[in-house]
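Chain IDs A, B, C and D follow the sequence of writing; residue 1 opens each chain.
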Amino acid sequence: MRILFLGDIVGRAGRDAVRDALPPLRRRLAPDVVVACGENAAHGFGISPKICEDLFAAGVDVITLGNHAWDQRDIIPFIAKEPRLIRPANYPPGTPGAGSILMTDARGRRLLVVQVMGRLFMDPLDDPFAVVQREIAAAPLAGPPGRGAHAILVDMHAEATSEKMAIGHFLDGRVSAVVGGHTHVPTADAQILPGGTAYQSDAGMCGDYDSVIGMVKGPATERFVRKMPTERLSPAGGPATVCGILIETDDRTGLATAIAPVRIGGRLAATAPEFDSAGAAS
Amino acid sequence: MRILFLGDIVGRAGRDAVRDALPPLRRRLAPDVVVACGENAAHGFGISPKICEDLFAAGVDVITLGNHAWDQRDIIPFIAKEPRLIRPANYPPGTPGAGSILMTDARGRRLLVVQVMGRLFMDPLDDPFAVVQREIAAAPLAGPPGRGAHAILVDMHAEATSEKMAIGHFLDGRVSAVVGGHTHVPTADAQILPGGTAYQSDAGMCGDYDSVIGMVKGPATERFVRKMPTERLSPAGGPATVCGILIETDDRTGLATAIAPVRIGGRLAATAPEFDSAGAAS
Amino acid sequence: MRILFLGDIVGRAGRDAVRDALPPLRRRLAPDVVVACGENAAHGFGISPKICEDLFAAGVDVITLGNHAWDQRDIIPFIAKEPRLIRPANYPPGTPGAGSILMTDARGRRLLVVQVMGRLFMDPLDDPFAVVQREIAAAPLAGPPGRGAHAILVDMHAEATSEKMAIGHFLDGRVSAVVGGHTHVPTADAQILPGGTAYQSDAGMCGDYDSVIGMVKGPATERFVRKMPTERLSPAGGPATVCGILIETDDRTGLATAIAPVRIGGRLAATAPEFDSAGAAS
Amino acid sequence: MRILFLGDIVGRAGRDAVRDALPPLRRRLAPDVVVACGENAAHGFGISPKICEDLFAAGVDVITLGNHAWDQRDIIPFIAKEPRLIRPANYPPGTPGAGSILMTDARGRRLLVVQVMGRLFMDPLDDPFAVVQREIAAAPLAGPPGRGAHAILVDMHAEATSEKMAIGHFLDGRVSAVVGGHTHVPTADAQILPGGTAYQSDAGMCGDYDSVIGMVKGPATERFVRKMPTERLSPAGGPATVCGILIETDDRTGLATAIAPVRIGGRLAATAPEFDSAGAAS
């Protein structure tokens, strides 16, 4: 299975870039499933039902969230009835929405997408290691027919590289891929871990990189310098780079055969993989 | 001027890889100056005088430190008399050593190297924005002959991408490059900011990437899972990737003409720039 | 039931003071049960089996721990077989020892003692609110004979006053008392909350108050000033103040009828309650 | 000199209680100067010019702020021209207002009031140890006539007891008193340090103690339990306890001769010192 994961979509610039880039990316990379993090899609803070619908229409199959999940309040009733929108699984029991989705692709293969949130330098939620383990137990890789998953993608929304790498190794051999989000900067550490799990610490954002993590740079910088309130932070509006990760998995084992970064448009050096039919990056 | 910056060297694996990779890299990339962060060179924690001497002998011109600066106590008298070893400039007044060095390359050009440490999710030191501004005022780009610098490299040792990007914009047009360290993961956001300053959020580490930020993955992962003491953390010993950044500057303006990541060996996808004689990446 | 809770015992000074003060305090205050936090008893860091035995011999019935639980490694096998020593209940499943003890006093009444640890500004453990709720469900106040508890004491080992007050209100009417530890400074906010639960944010430490939270003041202060390593921190050795809280409960409802601070010896203003036979402070 | 310091005034309940309690307290305790922290006076968040005027009219001589300094924007122009309103001295250079005031009491004695903010678990400002030292150097205790101060009060607005105790010892013998604020809970550790400086870790708040640090307890507790947005936090409106600290100093040395807590009204145990004419608590 081929999975395209897109990092945090920030504001209109990010949304527009994803909408424009996704059709050609779908043709060029031929992903079976597209997953995108939408926690900053609504003017940098949260996401609205309307934006979710637009992203689904643009070709996103599953939207994940993060620490900005609830910044827009009307998403709360929406997530309760939209299984394609998931939030970190390690929110407390009783939190609206689900932390994972077991979906079926066009060819009938089952993909489990789980999001968890890190705790280092972040709000203390339930233990992401324990929670992700519980979530994947419900649909293990290469599990019995009708119960297992052909592939499992874990979106680790976290700040610290140590916690991200640790959960990568913790899940190595048990999931297809662990990909990170939240820092809004793509990392250049894509690799397949020894046990067969594809890993990249952060996908980066889909947003304008002439900014401070996607927000207009003047006020965001001033907050560090002056320690005074500034005008409200808002998303930078320059051309966005669509940042993501392409992963190829072996349907039989569920493990990864290739992983490569995707960067299209905007200020960052462009890259996109050419996976051959055998699923190896060339 | 062409500057090669190498990210945090972790343990023996990192040291060996740097020692082996630097001579061919010097030939291939022809840097005028090599700067490397050595804060994790001594078994993951700090650096010793002996290791400093080895790195200088291997072709490193300036060593920077970070939050692990003082993990090895014998570095304290050493830094007091070795100007090529610098520590974050925003340690309190009275801290041993200097936070910058104004050096001269083989062609007589002056390069100011400054290290500052971020404060977000880190120990609260003096304001890195104010301190770096003070440091560069002593040798401004394109300053009067004999007082200015031909190039300025700022090593922002920090955790948070927001603080790193903010200091990049804060210094844009006033320094040649702002490069980050500390997360031990290379970022794929190399760019020249609008004002002419080269920027990359993190250079990554020179270390084994089958690890948790360079340390043996078993115990480091277990600390997240069990919340119990484990055996002492020690550096992973597999083949290291040498991670760095190559920057080309215009001697007249001091601003950057090119920036590109360098990754050699180990588990990460290899890359190295080919800068043409005009200093543009091709 | 009358319960005496003693705050974090720090080093030899704290241990000696508790050993000397406890017999007269037992005579004067007539507690049915004495609970003490021992996480700093062993030279400031953790506790040893030998010190546990000494504290039990001195009249402590239950010892709690905290974030320093495992600083002395030989406590790990010890806690596995000593139910009178408990650690925070919100450590991950599989952690050695228990997070609560249901004990019986000399008159056959059942007291449940639970310790949980806060997460704000501390290591992220499991949710203390959810965990404490689960623990008290096993032996509710005024529960069916043979299953309920006559009194429940919750030791909230936490940094932030907001989290401590929140858990106080969360448990108000469901436990006899919520008392805090960890900051090593006694608070003057003892009260009975509207639902009948006694509350004090922090019991304070049993240690020398001419110190930085019990440790020798010179090096501990220098760490803030110089941001350099200092000599190892060790407990201050001057006369210790024994700091604690006395709580009186109604055996029928399990709710509190009185709460008052106890401070004996050392540098702080001495205080000790005089509860009359009806259990009200006078 | 006799100084009354009142802790963080929270919302209308706190303001009303201070206004009502201050006249009788002035008669009973006869302070020469009253200093109060007003950072939460305006509905919990910041302070307005109007509330400042009301507090001055009620008998407060100096108002300090804290991390909530700028929550109400119209205080920014106000502080620029009102020297009796001060903010933490360790905000960056260029911050509106001053971090200290050298005032003269009715008998012509000079009192320096300085506020600094801690950095542990708080926003990283400039070094409070270095900044407070610089501030007191301008008007040292027992300094030359016309330049020194008869008394110096330091308001350490901070979260961590360790940092508060450290700055107490750092300043011991050089200032009259170090009193803390910000946690909104009074501590019971009033003492005169060996060098003669009066010290108490936190004055507590002037607010309703049936709350979470002064805010309505329901939503504030729910934020810990559910990790979802709640209704806006607002100050609890029940009867407030006025919490403060009374300090007596020796005009000749500037050092403290007595310190005692003050608590009036609301839910906490009431206390107020009786200092005799020689300035000792009796």
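Simple rule for what comes next: contacts are C-beta pairs under 8 Å (C-beta built on N, C-alpha and C of every residue); 3 or more make two chains touch, one makes a residue touch a chain.
Just so we're on the same page, UniProt names per chain: A, B, C, D = Metallophosphoesterase.
No experiment lies behind these values; they were computed from the predicted model shown.
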Count the residue numbers both chain A and chain C use at their shared interface, divide by all numbers used there, and answer same if that is over half, different if under half. same
For chain B placed onto chain D, the superposition rotation in degrees, Cα atoms, nearest 5: 180
Measuring centre to centre, with centres taken as mean CA positions, what chain is farthest from chain B? C
Pair exhibiting more inter-chain C-beta contacts, A-D or A-B: A-B
So, what's the distance in Å between the C-alpha centres of chain C and chain A? 43
Chain-centre distance (mean CA atoms) for chain A and chain D, in whole Å, is 46
Any idea how many Å lie between the Cα centroids of chain A and chain B? 29
Per-residue multi-chain contacts in chain D, two or more chains: 92, 125, 130, 225
Touching chain D in the complex, chain C uses residues 121, 129-130, 159-163, 165-167, 169-170, 183-191, 193-194, 201-202, 204, 209-213, 217, 220-221, 223-225, 260-261, 263, 267-269, 271
Counting only contacts in the complex, chain C reaches chain B at residues 70-71, 73, 76, 91-92, 94-96, 123, 125, 225-229
Per the contact definition, I'd like the list of chain B residues that touch chain D in the complex. 92-93, 119-120, 124-127, 130
